[in-house]
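In what follows, chain A forms one complex with chain B and a second complex with chain C.
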Partner chain A sequence: MQSFAYGNPATIQEALALLAAKWGEADVLAGGTDLISLMKEHLHTPKRVVNIKNIKELEGIQKTDAGIRIGALVTLDELAKNADVKAAAKSLSDAAAAIPSAQIRHMATVGGNLCQRPRCWYYRQGFGLLAMKDGKSMVPDGANQYHAIFGGGPAYFVSPSSLGAALVALGAKIKLVSAKGPREVPAASFFVAPQDETSREIALHPDEILTEIVIPAGAVRSATYEVRQREVLDWPLVTASVVLHMRGNVVASAKVVMGYVAPQPWDSAEAAKAIAGKAITAETAEAAGKAAVASAQPLSQNAYKVTLARVAVKRALLEAAKQKV
Partner chain B sequence: MSSTKDPKPKNAVSRRGFLGGMGIGTGAVGAGLLEREAMAAPAAASVVGPGPVPITLNINGKPVNLTVEPSVTLVDALRNHLDYTGAKRVCDRGTCGACTVILAGKSVYSCSVLAIDAQGRNIETIEGLPVNNPISTAFVNHDAQQCGYCTPGFVMATKGFLSEHPSPTMDDVKNGLGGNLCRCGTYMGVRQAVLEAAKNMKGAKNG
Partner chain C sequence: MANTPDYSWPPMDARKIMGKPYKRLDGPQKAAGRAKYTSDLKMKDMLFAAYLTCPHAHARITSIDTGAAEKMNGVQAVLVIAEAGKELQWHGQEVAAVAATTEEVAREAILKIKVAYEVLPHFVNEADLAKAASRGKAAGEKVTGDPEKAIQDAEAVSDGVYGIPVITHCCLEPHGCVIQWQGDQVMAWPSTQFVTGWAGTLAPNLKVPAANIKVKMDYIGGGFGSKFSPGAWAEVGARLSQKAGGKPVKIFLDRASEQQIPGNRPSAFGKIKIAGKKDGTITAWQSDTWASGGFAGGGQPPLPYVYTNIPNTRLNHVSVSVNAGPSQAWRAPNNQQASYLTCSAIEDFAAKVGVDPMVVFDKNAGYTPRAEQYQYQLKKAAELSEWSKLWKPRGSQTGAVRRGLGIGVNAWGGAGHACEARTTINPDGSVLLEMGTQDLGTGTRTIMTQVAAETLGLQMGQIKLAIGDNSLPPGGASGGSTTVGGASSATRKSGINALAKLFEAAAPALSAQPEDLEAVDGTVRVKSDTKKSMSWVAACKKIGPGGKISETGANEQRNPMGLNSGGAAGVQVADVSVDTETGLVKINRYVAVQDCGLIINPRLAESQIYGAIIMGISTALFEERIMDNLTGRMMNSDMEFYKLAGIKDIGDIVVHLDIREVNDKRGVIGLGEPPAIGICAAVGNAVANAIGVRVPNMPMSPMHVLNTLEGRNA
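Entry: the complex of A and B
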């Protein structure tokens, strides 16, 4: 790891003063589970690391009339165990609880989960976010079994955040702050597919800090279904996170968002449309699963993910339908 | 123990003591110079480094002073600067569990924590456990190790796990200890040991 200066601010203002206008100068350190690995690999070589763990304003989970406010420093362990989150957003609670391992959940934070860099092995081996060689991505003809089946090109990595799909489905807002002031981004626009090598995969600017997430109030049924190759110490192959607004036994409206299938959490309007106005049964859930993957474009080695995504959507819908909200 | 440790080789020459003794003289001089340099440099109030900075870690209830760069991880500080060699550095990327220690009551990967960041919080390492503690004893009873390299991490992960789950089921154990790998594949023994330790620790607590 390259040596760096270490800032230990106690307030957001102090922290912002230590950030820089362009990437590469300073990195924000929270749980450290990703940043420290990135620095060991020399993928991030900041001159300054800004530890934000002593900023009290970034802690805690509060239930308000507007919804549930989750501070950026809340650990995945705290998020998974929080009763308010479990009651109002089971999909998010379950997504946090499923992240391996206990040690990671104790350290990793909600903000860090959203800001972690892609796990694409081309990126992690130093070939860049877009894995370009001679002006062409190496992924479509390369080792792409864990890559995107939607929205591919020029980026083919999959968004690494386990919480991302759940937050997009729940219509969460992500709050960011810079020296110029705060701004709020819908979770759906926080994750972006970079078009060039110098862009980032999230809407956060280098001089900003992610401060909190707000889950809007409202009675919804929600569920996250994950498909994993290994139960522990791994990322999911595919996830599906669904949110249902019910009218009696019938789905008034739905959100169906798949994770690990695209450079962003992939919001499937087709699947939501397929299930709207219907009661959830094995048949309607299956039809929604099929609709969710109808436009998938798998690469040479990942057609299996299309099947996994179809089944994950179906099972997430069936799971959410069981809830009493 | 501290980083300004005795530059003389230890009397009882262990492999580690010998190797440590070889490099320690120049190391101490280098650290001293850099430390003065860092202190002389006028930095912003809350920024230190990149050179070595003096820090204090609270290890097994004892404050320990050392001087390290901010980029030094907790596992490296423990092993290379303080001779607490129980926590093992294996994958060094937070995916194997061999470096597990307990920080502020929770199990963490010490390869993924900066030493400077661990200040002000209790650090529990395997060296802090009594020899015949219920967890280590249960590991011995169930042959829960082969090469033994993952064992300190497993024992500390177990300690953290049992503090949150005093009466675990086998499924709880599988999931709760999922953050530690054993390349020898001694999981059956480890799981049995964790269940036995849970039983014995509860017995002790309830008198």
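Entry: the complex of A and C
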């Protein structure tokens, strides 16, 4: 790990003053579950680390008329156990509760979960976010069993956020602040597929801090289904988060978003369309699952993930349909 | 010279300490963190070493410049391991090492070493033999009987393709040591499975007399076959220490290097044909196998496994060289691969003829070296796994989640190695047992204390034990499941020898002949008149002030005197559920029936088997070294994507130790390896039984299961 200056601000304004206009100068430290390993591997070599854990305004979960506000410093454990979140956004609550391990859930924060860097092994071994070699990504012909099945490149890593798909499906807003003032980004636009090696995979700017997330108010059924190989510390192979607006027994409208299948949570309008206007049954859920992966483009080793995505969508829909709202 | 003393074990029902389930004596220290492993050691002026490793899978060093690293503040020694001109054969191979005052400085310094490489072509995946071309080296064909005719005449022939990947060692404590080289003296604290032999292996490399190398190890955080030799790091550490003026150097591999450098379990792939009768009788075996254990190739599983006497066989094998780290013994080397290939092929043959595999394994037991034993165990395993109730013919199930049962068998030696112990009895009655052996976490400390206490008629707390030091009587290498037999026999013999001396000292006071005395329940007494007795302490006083009794005993491999022997069999059954939509495999129950000899401590013996099964389930469900053809790298040299099972992944384990007088009479037999052998076999067979089709490649991951179910296997 390279030596660095350490900032310990008590307010957002103090923290912002310690950030820089360019990536690589300063890194924000919250739970540290990703940043520390990035620094040990010299993937991040910040000149300054800005610890934001003492900033009280970034803590807490509140229910308001507008919805539920979740502070960036809320830990995954707090998120998973919060009754308001459980009631209004079960898909998010379940996604947080599923993250192994207990130690990680107690250290890692919601803001950090959204801002963590991809787990792509080419990236983590220093080949860059896009793993380019001679003008071409190595991923499609390389070791790609855990990589993307949607998007078609040039980025093939998958978004590592376990909360991302749920937040996109719920229509959450993400609040960011810089010295110039606050701004709000829909979760769906927060995650981006970088087109070149110098871009980031999130919409956050280097001089900004993620301050909170807002889940809009409204009665919805939601569910997250996760396929994870190990019970213990492991990344999901695929997740699916669904949100259903019901009209009687029939789906008025739906959101179907898959995780770990693309550089960003993958919002499938096709799956939402397939289930709209229908009651959820084993058959309609299966059809929606098929629609969700109709445009998948698996790589040389990850066709199995297409099946997993299809099944995850089906099972998430069936689970959401069981809920009472 | 008197007759050879009677060293034999006390009869089963007469034992007071042996055979009892004592908890590990060092358990509390380990649980509380007070037990210090070598990687925990901190010493005054200790330096930390770090390695620079090769970033390419195959390359020649054209230049290396350590200038900037040497000038860094805190750097005390830099050692070039691979000079310019040297060809490196895998990603992660050692190039240079640095010792510095802190780990941080050492890691920063290696980044300042400038190395230029000429990158050379690499080959890293042996799964497809057709692509290996000139990198394969064929072993000569072996034929018994007339396999052609037997196959031609057979009522049924099954064909299968099977693969078990390279997996890496994952000891909790990585490989390394703390070592200090001053003048012609070397002091070392290694993490090793062979304390006694460590110095002798290192000495010629350092050109220091082995007598000048002192070795000490209290605790080891796992070895599993990978920590016999000092390893290259011991020499590197010693040279860094010498260059740094004799300061102690702590050199341990980091996790990535840990999975690349110190050795792995070789892969094995095979196309296997079994021919036989419709009733399940096997008449012929034909296998074409290949494997890789790294750049040196290697790894030939003994086939057919356990069913060694199948009459008509044809065997071909190719050893493939890949640009990857070397192989190293891994808890029953080659046996797991052999069990997987053999048991998978037998299960597939059973499915082909439509006969219950339990019947097929049993019917062909005549081909094993111990038919009755395997038949007994198959029956027991069937009973404990509720085979007759739960097993359904292959492919007969429907629904998303399907349950399956499968069989794996094992065989192992496990006779005691050559080993010596010394028992010292002091005039105050205190007892010291000394031996240069090591406790791998298996419970050696506990069971040797039990043997000594039993032999001397004392309680556990009255024995002081010293191990893990090369100045003690020589121990053997703890490998091949040989420690318990060797060390217990040596302990027994030294105890009996020491008692003989004590009896000589105490006999006059009891007006008896020394050979008429016995030591029981803290007394020394006359066998024929047990009222004539004196306390242990009173007897020891007769040694006389200033004197002590110190007697050695050694296990002789050629004449173990019935104290230990080899040859253990085992049958295991995996009961799994497979989600055919996600390919996820869950273990419901895992049954292990294990043949054993005399069991000194049933708790620790069972614990060995639990450990073996946990390790085996991890390999069956999760573990594989993933090599990238493009970069030539191992992509998962970490604990993130090199997946190890956690406790929730294991399911229920049912252990049946076959403790019976008939087995007890065989003496002590090692148990470390045999129960670890057949787990990929049993789990793979259970998955095939559940889903109706063979998943050829381990581990049973969603990728492999779904690729099979959806017809994507090449």
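We take it that the second predicted complex is superposed on the first by the 325 of 325 C-alpha atoms of A that agree within 3 Å, B and C clash if a C-alpha of one lies under 4 Å from a C-alpha of the other, contacts with A are read in each partner's own complex, and residues count from 1 in each chain.
Here, a residue touches a chain if its C-beta (ideal position, glycine included) is under 8 Å from a C-beta of that chain, and two chains touch if they have at least 3 such contacts.
Because the structure is predicted, anything quoted here is derived from the model rather than measured.
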Mind working out whether A:Q2 is in touch with chain B, chain C, both or neither, as first, second, both or neither? both
Looking at A:D77 after the superposition, I want to know if it touches chain B, chain C, both of them or none. Which is it: first, second, both, neither? first
Looking at A:K22, would you say it contacts chain B, chain C, both, or neither? Reply first, second, both or neither. neither
Does the superposition put A:K56 against chain B (first), chain C (second), both, or neither? neither
In the superposed arrangement, which partner chain does A:Q103 touch: chain B (first), chain C (second), both, or neither? first
I'd like to know which partner A:V311 touches here: chain B for first, chain C for second, both or neither. second
In the overlaid three-chain picture, which partner chain does A:E231 touch, first (chain B) or second (chain C), both, or neither? both
Name the residues of chain A shared by its contacts with chain B and its contacts with chain C. 1-2, 231-233
Residues of chain A touching chain C in their complex? 1-2, 42, 119, 121-122, 125, 127, 133, 138, 141-143, 145-146, 227, 229-235, 237, 301-304, 307-308, 311
Quick one: which bits of chain C touch chain A in the complex? Just the residue numbers, please. 104, 107-108, 111, 581-584, 621-622, 626-631, 633, 635-636, 639-641, 643, 645-649, 701-703, 706-707, 710, 712
Within the complex, which stretch of chain A touches chain B? 1-10, 14, 18, 29, 32-33, 36-37, 39-40, 47-49, 51, 53, 77, 100-104, 106-107, 231-233
Complex interface listing, chain B residues touching chain A: 43-44, 46-51, 53, 69-71, 73, 92-97, 100, 103, 106-109, 111-114, 116-117, 157, 160-161, 174-181
